[in-house]
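Two complexes are shown next, each including chain A; its partner changes from chain B in the first to chain C in the second.
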Partner chain A sequence: MTNATLNAPAVPSRASKAKAPSSSAAAGRKILVSSWLIVAVVAAWWFGSANSTNFFIPSLESILEALVRDLGNGVIISGAWYSLSNLFVGLALAAFFGICGGLLLGEVPLLLKIVDPIIHFFRAVPQAALVPMIIGVFGMGQGPKMGTIAFACMWPILLNTIDGILGIEPTVRKFSKVYRIPRGLHFRRVILPGATPQIVAGIRVALPIGITVMVVSEMFASIEGLGFYILNSSATFKVPETWAGALLVGVIGYIISILFVLVEKRILRWYHASGAQ
Partner chain B sequence: MTTQAPVETTMETKPLLMKVRGMSMSYGAGPAENKILENLDLDVEYGQFISIVGPSGVGKTTLLRCLSGLLKPKAGTIEVSGTKINGPHPDLAVVFQDYSRSLMPWMTTRENVAFPLQGKGIGKAERNKLADEHLAAVGLEGQGGKFPWEMSGGMQQRVAIARALAYNAKVLLMDEPFASVDAQTRFDLEDLVLDLQHKLGVTILLVTHDIDEALYLADKVVVIAEKPATVVDEIVTGFGETRDQLATKADPRFTEARARILVRLRQD
Partner chain C sequence: MKESTISPGLLWTLRIVAIAAPLGIWQLVIASGTMPSMLPGVEKIFSAISEALGQAAFWGGLGKTLLAALTGWLIASVVGVVLGLVIGSVRFLDNSTSILIDFGRSFPVLALMPVVIMLLGSNTMMEIVVVALSCLWPVLIQTIYGARRQEAAVADTVAVFRIPPMLRFTKVLLPSALPLIATGVRISSAIAILVAVGVEVISQAPGIGRQITLMQQAQRWDLAFAYLFFAGLTGWAIALLLQQAENRLLKWKRQNDD
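And now, the complex of A and B:
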């Protein structure tokens, strides 16, 4: 008994002492693990393409030169601004309609049964295939592009919201009934937060779809945006610019998804910390 | 609406808070009808602690859902303070079996307790004050800022009890509330509930399959059995207000009552 009590403090202190340096070392290792391949790929690209004689495979150096030049003279900046504003307005509309529609369909089973086949049909259509039709019908302004992005991004958000609603713990619903929580309050404080993990996952799925449709929509009857920049430089045989545009879209997509993960961690702290997943 | 409790024709000394008459419940219809409860009567007096005990699967949870208004009985009436109820009622609060499912992980414990009060239209300052008071009453003083998932199972169930008490219902319906915690925590929670009942004068109806728990807590134990389930025995315990996990359970009346219930349940 006394022995155990005497020994007791020694154990955790040794453990915590060993933990401190190992956790910073672990953090360093983690950065190394996730970054060495990127460095290696960039290096391989740089040196592998340095003496390229193939017209369609420019050197990374020339790609970056084109990128820096067109960023500097504003050509890309205005294009990116145009593209990103389409993307964000489209995503916002998709989130609004997807979440509202999902809440409605999740709460009204009969309605879900009726529209379920339609939802799955539209979800199965490759969204980029709809771009020529929508732009053909609604014209070439910024509005139809936003609309196309919204339409494409809405489906995963809608479906995930429905899943989230249907997955809400039945006991929580019973609680709301027994404690006579008014409808609006029940929706705002019980149903919506309960479905938020799935809603957020739906938006995460919608992000790359939105970026794809954003680029494709600017390749049709458009004189602006990153899609137009890529298509136009390709059509005028400015190959390094074509590559630069594609690279930039990739980097933008990557940054958006990282920012999204940060926001998600904040919103869903309870979800990740409670181990509810 | 009646203005006062109706006069009872039976010989009860205290007025009845809750009166159940001829309650039946079944799922399905026709030849496939699955009868769960049949012709069940129940009297609950003000301030009484009633345990409903019965074997697993007898229909205890169905009974509690009918009483709480979550299910509509196929026949019979439920009255609270002389008024027939037809669905959830502000005089009834439920403590669910599974605290980890009935507390909302996106709310702090204070918000969890205050939330039903918000539904009642109580202002923010007032409901937070009430929540803190009731958290303190269940031994969780100053823990309102924590989230349920930062707490142990026993503490979470305390939060659920605080939530039910803060709702200020006349009757607390508890559905196997201590089934998911370890034995020591269970004893602590049992004593906590007894203590709260005496302090606050709340009436409690607790459903359990544990005969010892039913006897230890209750003023009256109602035994339900058979299929469809009905009341097969009622035992007034008479242990008084002060109970002790060791002494009360060693009381000859306790062992006698336990044997009586066991024999009765074994007949099925």
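And now, the complex of A and C:
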């Protein structure tokens, strides 16, 4: 299969691993180098917008005020809880079906050959276009939203799982066969771990898709969630709240991706330790 | 793994069966009446697909979506490649921007859409901006990776011969980063379509996504499914096209690797 598209960009391997900072001064310098720009950007925004007279570009101060206020009174917390539970249930479903389907298709080449064009068609459907369809048919509850997220996130996971299984060294398979490893054990201890790095990469690709579909589904039809908070704020001309909501979703996206990298490092520790790339 | 030996004729027969079987199940489920009644039957969707082909609204919507996606994607590609080459080849900039770029790439840009709508209004211009903002990150990040992995020997040669910066940029940096840039550009093409349709679904911006929501609100589910089908077909065609282009463009690279 030629779907290099789905290979997530490599985890940044910064040059830092080659040489450890020799002193605390060097470490301080490094932190300074990596953080001055973000500080400068925030400062520029803060002072640049401080006396803003444009109604649609409120000062950063008022945005943060709105954010802190709505974080304090629980409006955002309950919205975030709603959104994130949709996201995680959807992702979990996608991972389950994607991995199971991928294992099946990866192990049965004939089946893969038959359904390959169909999979590629479904993967190419713009996931956001599914939102009005699925929500329109099944209503605007939480279930349809989770389903939409799951459907959108499944394809990269499925395709990467297949790739991972096809990428397992034939020698490894032969060994497993020669030693007559029982089927269940072969699946659990040979096939699954062999495909894990690719599966994890697939989930990494699916994550931003899931967040995007989550926001779209809530902006399209919802009375809860972060997407609704943003849209509702803009519809009622609460401009600082709109900015605050958008910023918050961004920060949440960033935090989730950092957490994912940590989990990935933990899961794939054996893989990175083995020096395989 | 053993290569399955199967004649192309049989393969296609099986493929048709694999497509027909779910459609048959769909039809049965509709007939059984267990699903919400608005779901159209298979024959209705088929007739809607041919109906859509004759509709000016459909072609107009598709054209507007493609135009917005393409423009945003082109802007993002150019900006991403230029910025990426500069950032990736200057160590200081690379280190300074890493947090900002990590933040940017994990930012769901569609969440910013209401803000952009407030600033620009709900139109194609806004759609292009949102698409460009979403597509920028994969191109930028892949280009930075590409510019970073300069071979030491090449860098030394460039220094020794005092190659002027502009020449170095176009003849050394760009070609060596090209394979990774191509991947980034390809990834972002899929994002461009996804985001363009997403913007149209939520906002009033014209396009195929807007058409889908309009048809759905008008209870023309068959047409909505037909549009969805074409949206998928378009995405699929674009992915295929870019894969071909990449294979051709980077032939020299592949041959080198083998």
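Methods note: the second predicted complex is superposed on the first by the 245 of 277 C-alpha atoms of A that agree within 3 Å, B and C clash if a C-alpha of one lies under 4 Å from a C-alpha of the other, contacts with A are read in each partner's own complex, and residues count from 1 in each chain.
Just so it is clear, contacts are C-beta pairs under 8 Å (C-beta built on N, C-alpha and C of every residue); 3 or more make two chains touch, one makes a residue touch a chain.
Computed from a prediction, not measured in an experiment: that's the story for all the values here.
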Fit-or-clash call for chain B and chain C when the two complexes are aligned on chain A: fit
Touching partner for A:S35 - first (chain B), second (chain C), both, neither: second
First, second, both or neither for A:L130, with chain B first and chain C second: second
Touched partner set for A:G90, first chain B, second chain C, both or neither: neither
Which of chain B and chain C A:R189 touches, first, second, both or neither: first
Touching partner for A:G101 - first (chain B), second (chain C), both, neither: neither
A:P117 touches, of chain B and chain C: first, second, both or neither? second
In the superposition, chain B vs chain C on chain A residues touched: C
CA minimum distance (chain B, chain C), superposed complexes, angstrom: 11
Overlap of chain C and chain B interfaces on chain A (superposed complexes): none
Chain A partner contacts - residues on chain B that touch it in the complex: 68-70, 88, 90, 92-94, 96, 98, 101-102, 104-107, 115-116, 118-120, 147-150, 167
Sites on chain C touched by chain A in the complex: 1-4, 6, 11, 14-15, 18-19, 35-36, 38-39, 91-92, 95-100, 102-103, 105-108, 110-115, 117-119, 138, 141-142, 145, 183-184, 186-187, 190, 193-198, 201-202, 208-209, 212-213, 216, 221, 224-225, 227-228, 231-236, 238-239, 243
Residues on chain A engaged by chain C in the complex (per definition of touch): 2, 4-5, 7, 9-10, 12, 14-15, 30, 33-38, 41, 56-57, 109-110, 113-115, 117-118, 120-133, 136-138, 166, 170, 173, 208-209, 211-212, 215-216, 219-220, 226-227, 230-231, 233-234, 239, 242-243, 245-246, 249-250, 253-254, 256-258
Partner chain B, residues of chain A touching it in the complex: 169, 171-172, 174-175, 177-182, 185, 189-190, 193-194, 196, 270-271, 273-276
